[in-house]
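One chain, subunit A, appears in both complexes that follow, with subunit B as partner in the first and subunit C in the second.
Entry: the complex of A and B
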């Protein structure tokens, strides 16, 4: 058997491949959450180290609202931020194709530098390799982020029935910006790629679970929540923020916005009494933030995500297949 | 009218029906909306909505897949649309051929074929009236094509003649009509409504069709006037006329339907002729437990297939209807209950 493209798309096939990895790579030591975006380990009575790693292979590498460098920085720090941990530093490694324009590399580095300066998260180490022309497609970036946090800061609290689900901004903007570039469509949509530093710092003590809906999109994220708590989650389609232009482009291309990647959004669960406050705080950063649904049941025998449509109700399944290749 | 109001109107019309009726939505795009919104469950029992043969990936015959796999394995570089890679052939899919080292590339848009690195490739082309003009354009630029293009009317007529299913009306494909024009459907023989792809548009189509069926009027209504015109896209049609000609075509699970396909006019750009020496020994055999043929004809539902969701899933499809986003089986799987 050989690896197929769909095994990297963030859906069922990828999860199954990762499960296969874990059958071989069994030693996890004292680390917890090793099946999550970021793993944590206790280092003393009060503190935990949190660590994540990511690779970026986007095509095209420059797109409306950013480039592969923005994605690398934001995608990596977001994986720690959704765990409640502020990154202490980042590693940054490049594999570059021979013949890659130096000025493009500089642009990528400048984007990373700009975020690094803005968030005060330093780039502390890295590596560079160059491969023969034709042996890879332009450039691959690999990153690691490490941070230290206290137990109270970790966003991993028990989910209860009645908890609300909040989405921090509009869906599908990153994917649509990228696809528009790929197909030469003119659109005003820009990638949402951004570090979630301020908004998560603001609400992290009030929310119970958080995750950035990157590959596999909202559908994958909600299904992950559902299976973690054996929960039944109900989402109201009419409350999900999707920009009109995103709707049009996804319709045109026959894509489902619920499975498209975001690079600067997060989904969280919040106790119902705190939901309005959290929403109000998140709206300061993005007016499209919305309560999109709630946890109907926990410890259910049939965990699932239900979507209320204009006509009826259907299950929102975990995505599968090649959703859209190489957009993050 | 909102969707709920339209459903109420359909329920009213239903009272005037003397017998149960069958409406076929021909296009996979329509099937997707129907399933996404659970429209079938919301319609009265007497109004059956069945899916038709409008998914271009699904109707592509096994022998066409096998032929292109053979070309790829023999070292001829291929380009095709993403979904075609995973359609199972007798021995393997193009995706399998690729993981064995064959040079098969995915294109998202036909003009990618004009890039220098793709010009030498054989373009494995599929689709109905909607996508044929893009292939015609490539033929006008000298690209070699393996054509599995098909036209919509012959299978629909064949279905109307099929004793196993009685179709009272069609929801007609919007995009096909954009290119081919309203006039394509003029001699259909049953009522038809050209519809857009939103849930409200489809429900409106069902409404109009039910009305036509009640008064027994076999006319065609264009309910997608924003993009569908009487004569269609004449420039696109001319280009097809100039570069392609009708031919007999093989349909998955159905067999050969005379004059239902399109192939390049110029033999030197027709991969089936150009590489006939390579292709003459290819043997095809359809997977016998797969009922894609009956599903495409609306005779059976995906859930009637014993492979559905077990041996056959989108990750590991056994039949073409499970591969494509527009395939009835994949749609049924995506919105399974």
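Entry: the complex of A and C
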């Protein structure tokens, strides 16, 4: 048995591989959320350390709206932010192919520095390795973030029947921007890659659960929510924000926007009485933010995500297959 | 200008590249030792968070005495241990080439699990990416460690003239074991890859500075010590522990054992009155441990590392050039 591309795609095959890893690694002890993107551990009366790590292998490394450096900063920072924890520092490790142009490396570093300055999250440690020409496709970056937070700050509150599901902006923009370089088409769409600092700072006290829909997209995130609460979640297709151009490009390429990775969006659950307020606040940052559905049931025997379409209801499954390799 | 192999070798060229990175990244703020392998930040009255990150690109991935998983666990854990901080958790990120055998991945994971169990340092979070066949040479692992410690625990005490330099075991064993696979020779030498948990727990209160001589080897580590304290350090060549077989293999291959990466050794400075005690304790773990020299001067205008040989003194320079690519 050999590793397949699909096992890195963020869908069913990857989740199964990671479960195999966990069986061997036997993760135990005082850390929580170790099956999540970020893990957390209590260090004293009311302080927690949060940690998350991601490696970035995006191809191409430069694309409309960003580069691998933007993704490496924002992707990892967002994984802590959606937990409710503000990163205190970020490590930055490069593996570079021999012969890689230094001017490209400088551009990548400048992007990282710009976000670091804007968010005041410093790069505090790192590592640099070089592999012989032909042994690596250009460059890989790993970033790991660590943060300290209080219990109150952690976004992990009990979900109830009737809670609303909000998406903070349009789907598919990162993928459409990135693929324009691979498939050589013109597009006005830019990657949505950005740190979710301001949006989450604004609404973090009012929301119950949050997750950034990266690999596996909205479909993976909603299925994760459903499985965590044994919930039945119903989403209204007509309310899901997808820009017109994204719709037509994905249709042309035969891609499903619900499984494509976003790099600057989050999905959250909110009590129904607070949903309109949260939406209003999120619309300040992105006018495409929308209430896309609600939690129909919790503790169900058959947790699932249902998609209301013009022609009826269908199940929105956990994605599987290759989706788009090396999207981040 | 393009990236050269030597810029990942742990010597002068890499240090220069990392200085360039730091110019762009403008690392500032409350974190300390950000120019070191591990960075540290105060989080409350007497608690510090420590963080270190490393990517492993070793070739071959299996070698006498270990595999890339052993290195990924031990290398990163050691970078915190030599700071005096016991890791609280480790992240584990894989980038894997499509087609990589799952049984090899299992072996790597089992090695990591064995160390995790032995040291009680859990793997708490991670990431898995897959690159298309031919785009990556087999597998890359990033591990990042985070720990909490008190000020008293941090091994960073003022160095004085007369302090002794101790090396915890023989040089060159990892390199000789690894290269036996690349150059196809037989050897009884095994990689020294191991976490420095017990040795450092035993002596951490008595030593002043500690560092694991990985890429760039003993030469890089001693030059770092010299430059930190503007010190003149004198090392006695006859006292440096190098196994007979390591000596003959490195001679045959034309390699300098002083610049080769160790993966389970550390170098420390100790007050002269405590040196014999520390040595005695370290010899329990490795009988090759030795006092190899001393600090002759501090605050010198011309910091350097001098090597006393049978035919006179010579400067032991910061290493440069390719050394051994992908040794860790």
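As a convention for this text, the second predicted complex is superposed on the first by the 326 of 328 C-alpha atoms of A that agree within 3 Å, B and C clash if a C-alpha of one lies under 4 Å from a C-alpha of the other, contacts with A are read in each partner's own complex, and residues count from 1 in each chain.
Quick note on the criterion: a residue touches a chain if its C-beta (ideal position, glycine included) is under 8 Å from a C-beta of that chain, and two chains touch if they have at least 3 such contacts.
Because the structure is a prediction, the values reported are computed rather than measured.
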item	value
Touched partner set for A:296, first subunit B, second subunit C, both or neither	neither
Partner chain(s) touched by A:157 [first = subunit B, second = subunit C, both, neither]	neither
First, second, both or neither for A:312, with subunit B first and subunit C second	first
First (subunit B), second (subunit C), both or neither touched by A:181	neither
Which of subunit B and subunit C A:272 touches, first, second, both or neither	neither
First (subunit B), second (subunit C), both or neither touched by A:320	first
Which of subunit B and subunit C A:2 touches, first, second, both or neither	both
Touching partner for A:190 - first (subunit B), second (subunit C), both, neither	neither
Larger contact residue set on subunit A - subunit B or subunit C	C
Shared contact residues on subunit A - subunit B and subunit C	2-6, 325
Partner subunit B, residues of subunit A touching it in the complex	2-6, 12-13, 182-183, 251, 254, 309-315, 317, 320-322, 325
Touching residues on subunit B, where the partner in the complex is subunit A	2-4, 7, 29, 32, 36-39, 41-42, 82, 95, 99, 106, 108-109, 197, 199, 313-315, 325-326, 334-337
Subunit A contact footprint on subunit C (complex, rising order)	1-9, 14, 17-18, 21, 24-29, 31, 34, 36-39, 41, 43-44, 47, 49, 51-57, 88-89, 91-103, 105-106, 109-110, 112-113, 116-117, 120, 122-132, 135-137, 140, 142, 144, 146, 148, 325-326
